[in-house]
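What follows is a set of structures to go through.
Next come two complexes built around chain A: one with chain B, the other with chain C.
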Partner chain A sequence: MVDISFLVISVLTVVCAIASLELRSLIYGSIALMGSLLGIAFFFLLLDAPFVAMFQVAVYVGSIAVLILFTVMLVKRELIFTKIEDPKRKYIGVGLMLILIVGLGSVIMDSGLKSISTHSAPIDFNEIGEDFLTYYWPALVIMALILSSSITGALVLARRENIENEQHTN
Partner chain B sequence: MNNTLIDFVIVSITLLSIGIYGLAVKRNAIRMLFAIEIIINAANLNLISFARFLPHSSGQTLTLFSIAIAAAEVAVGLALIIVAYRMYKNIDIAEFRSLKG
Partner chain C sequence: MSIIAPRFRLGYFIKSLLDNVFWIIILLTLIGIPAIQVVLFFIDLPVIEGELLTPFLALTWLADPSRTLPIIKALMQTDFFKIAVFPGFGFAALLAAGTIFIERKLLAKLQLRVGPFYCGKLEGILQLMGDGLKLISKEIIIPAKADKPIFWAAPLLFVGAAAAFISLIPVSPGWVIADLDVGLLAFFAIIGFFPIITVLASWSANSKFPFIGGIRALHQMVSFEIPLILSLLGIVILTGTLNLSEIVESQSNFPWIIFMPIGAIVFFIAMLAELERIPFDLPEAESEIVAGWLTEFSGMMYGLVQLGSYLKLYAFAAIFVVLFLGGWNGPMIMPQFPQEIITEGIELGPISVTIPGLPLFTPEMINGTFWFTIKTIGVIFFILIPRGVFPRIRIDLLLHIGWYKLIGLAFVNIFISLSLLYSGVLGPGGMM
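So, the complex of A and B:
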């Protein structure tokens, strides 16, 4: 039997995820996406992973959501408030979603996952630090390089001037 | 802990399906980025729940890597959207067709 907190958090997450895709305004959509990401952070707390939950709140709800909000504000007003989608593809998309939920759900329900529950102690976050510094240290270094290069790439892309003129001459 | 593993996996499947619906239906580039974010979060939720029920610490480590990669991906994706918006004055991906032969 599930907790009441689990139910509340899952409803918050799923409803906010649907709202972020379906709300007419992109600004409200990005705020709803923030709610969905916050719901995932609550799930992490529920799963005894407070360190990852803190990371999720700092990175997703803190920086990515603000980045998305600022990008949305750079776009023209009419484009923010209009929905761009094919009405024909909408039914196909809803059908695909239902098929995925029912198909994958029934497969998972029939599998042995149903009986798995745990009474063991949660993982201490000291272990994650040890993992990072012993077994995963090359990955950590590569991660730092990837992050810095991607930030540089994003800056170079977004700062290019005269892009409209280049398009016209082509 | 009263919740079993399957509850979290079901929530994760629901989020994955919503994300795939968004990718299939929407033509707005920023909305498609939202859908990708939702899918990445479904994967992270799955990783953390399996890490809790095994229990093993590498799931949480992998999730931290995944969150960092997702941050880089969003930064580059938004920069690409801004460049495309300046070129075409639109964020409809059906309008981005300069690579089309």
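So, the complex of A and C:
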């Protein structure tokens, strides 16, 4: 069952990833991107990490895909992009991809990842949280500072001065 | 006098009825029963009273009154029943349909109108059925330059996302379709799909008004998701779990709204915005942009979107009940099932009948469902009432509320829950 779903999901993910690059229509491309991100979320589910899977869906599909869709819809495609059809680029891209696959694959094969037993119990996300709060707390604090400063920055950038006053005077 | 059937004769009418009955019996015996038998070979049948229910015996046992109830009980434990009927789609659709009717009558009474009145003699109670039949029988018109695949898929996706939402809700102890350890995160993940579906539907219609509505919906939903999520963090901090059933169990003494009223208010306002209800119904503002992102939908496609939005309304109300109002917890008002009916059977004069497997539901389950439903209906009322009272607000004020006030209040709520936790009032070592 897991094998079949793994095969189906990996085929879907790869096809969606290729489609998101190759489709002429930008909207369909972003839908395909959503599909491949969802496929990755399913991989996390298969790997007994539902916590990560849900965050993958909530953050990548729920926010980033929306951002991409929004940008695509606000932009007129013909004004920005000019078609550059160059077969050489395609071959170079395919070659680069092959080199990347072989390099990453050899790195992963040489690491200890393949010796992980598949029957171990799934890692409890509560333990991950405890680790974050005890051993890795400096990283957590730094991340919290970065995030809160970015939220503050966003609020400051989005601020419009005197909007109430203008309407009252009008 | 009758114009519809000028040559009406009772004999012909009875003959046509009998013909229909004859053909129904013939078709059922020749096709229906074999088809059921074939299906029975392919599904897992339960073990009842120590005996495996085989496909050969299934129909015989169903006709045997002493074995009918155990079979029904076994059926109610299956996933199919849970998804299709009780905590799932049937229950939710029933509540959603009731919501539509009550909304129309309630708004009419609030505004000194009559509301649906003629259909079905008694206060227009069949209006809903009439509307449904009209939507089903209407032609589906698709704009010529619409993007057809996305346009067709959008209503289905909308209902699908709303139904996925419903599967997370624990109605009573043990009666939940998907009891996930990360239930609250799944809830956040599912509400992220609605803006995508909305904006895709509005874009694919290739028309001005839907697109304006869709962009408004996107703004509104994305900006109100943040206070919606932040307002729930206080509960997660205090209960230490993301499982919705465990969150309900943690409220057996008191609901969280007592300690986190600010969080509840923020969640309620953000919920109104996510549901596109008045005063936040800018995406469907019918006096400005026809019907917003629903403009080009017709027939049953519109019906599906409406069904999805009311399922979503039920689901949000139920999530509010689960998180803030204590879910199924409530005083035990159901009496215990009388023991002598189980042991000695029902006595009617000289006859006594023993029916095995009689307490079809435990009293706890009925009690929990009762309290859950009462609370959910109350929350739905509170969602409906603003529609009769408030005007629609402008989009800049809406975004201002979302980004400034609600996010700030949500952080205040988080600090309140943290102070409760660290002062030892709640959480480990405190009252819980």
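One rule holds for everything that comes next: the second predicted complex is superposed on the first by the 115 of 170 C-alpha atoms of A that agree within 3 Å, B and C clash if a C-alpha of one lies under 4 Å from a C-alpha of the other, contacts with A are read in each partner's own complex, and residues count from 1 in each chain.
Keep this in mind: contacts are C-beta pairs under 8 Å (C-beta built on N, C-alpha and C of every residue); 3 or more make two chains touch, one makes a residue touch a chain.
Just so it is clear, the model here is predicted, and its values are computed rather than measured.
Could you look at A:L96 and tell me whether it touches chain B, chain C, both or neither (first, second, both, neither)?
In the superposition, A:L96 touches chain B alone.
Let me test your reading of the model: by the given contact rule, A:M34 touches which partner, first (chain B), second (chain C), both or neither?
In the superposed model, A:M34 contacts chain C only, not chain B.
Who touches more of chain A, chain B or chain C?
Looking at chain B versus chain C, the one contacting more residues of chain A is B.
For A:F51, select first, second, both or neither according to whether it touches chain B, chain C, the two together, or no partner.
In the superposition, A:F51 contacts both chain B and chain C.
Contacts for A:A158 in the overlay, against chain B (first) and chain C (second): which applies, first, second, both or neither?
Once the two structures are laid over each other on A, A:A158 reaches both partners.
Once the shared chain is lined up, is A:S63 touching chain B (first), chain C (second), both, or neither of them?
After superposing on A, A:S63 lies in contact with both chain B and chain C.
Considering only the touch criterion stated at the top, classify A:L12 as touching first (chain B), second (chain C), both, or neither.
neither
So chain A touches chain B in one structure and chain C in the other; where do those two contact lists coincide?
51, 55, 63, 125, 155, 158, 163
For the complex, which residues does chain C have touching chain A?
Listed in rising order, the residues are 147, 150, 180-182, 185-186, 188-189, 191-193, 195-196, 199-200, 203, 211, 215, 218, 222, 225, 240, 396, 400, 403-404.
What residues of chain B sit close enough to touch chain A in their complex?
Against chain A, chain B makes touches at 1-11, 13-22, 24-28, 30-31, 33-35, 37-38, 41, 44-45, 48-49, 51-53, 55-58, 60-61, 63-65, 67-76, 78-83, 85-92, 98.
Across the complex, what residues on chain A touch chain B?
Result: residues 1-3, 6, 10, 13-14, 17-18, 20-21, 26, 29-30, 33, 36-37, 40, 43-44, 46-49, 51-52, 55-56, 59-60, 63-64, 67-68, 71-72, 74-76, 79, 83-86, 89-90, 92-94, 96-98, 100-101, 104-105, 108-109, 113-123, 125, 127-128, 131-132, 136, 139, 143, 146-147, 150-151, 153-155, 157-158, 160, 163-164, 167, 170 of chain A touch chain B.
Which residues of chain A touch chain C in the complex?
Answer in residue numbers: 27, 31, 34, 50-51, 54-55, 57-58, 61-63, 65-66, 69-70, 73, 125-126, 155, 158, 163.
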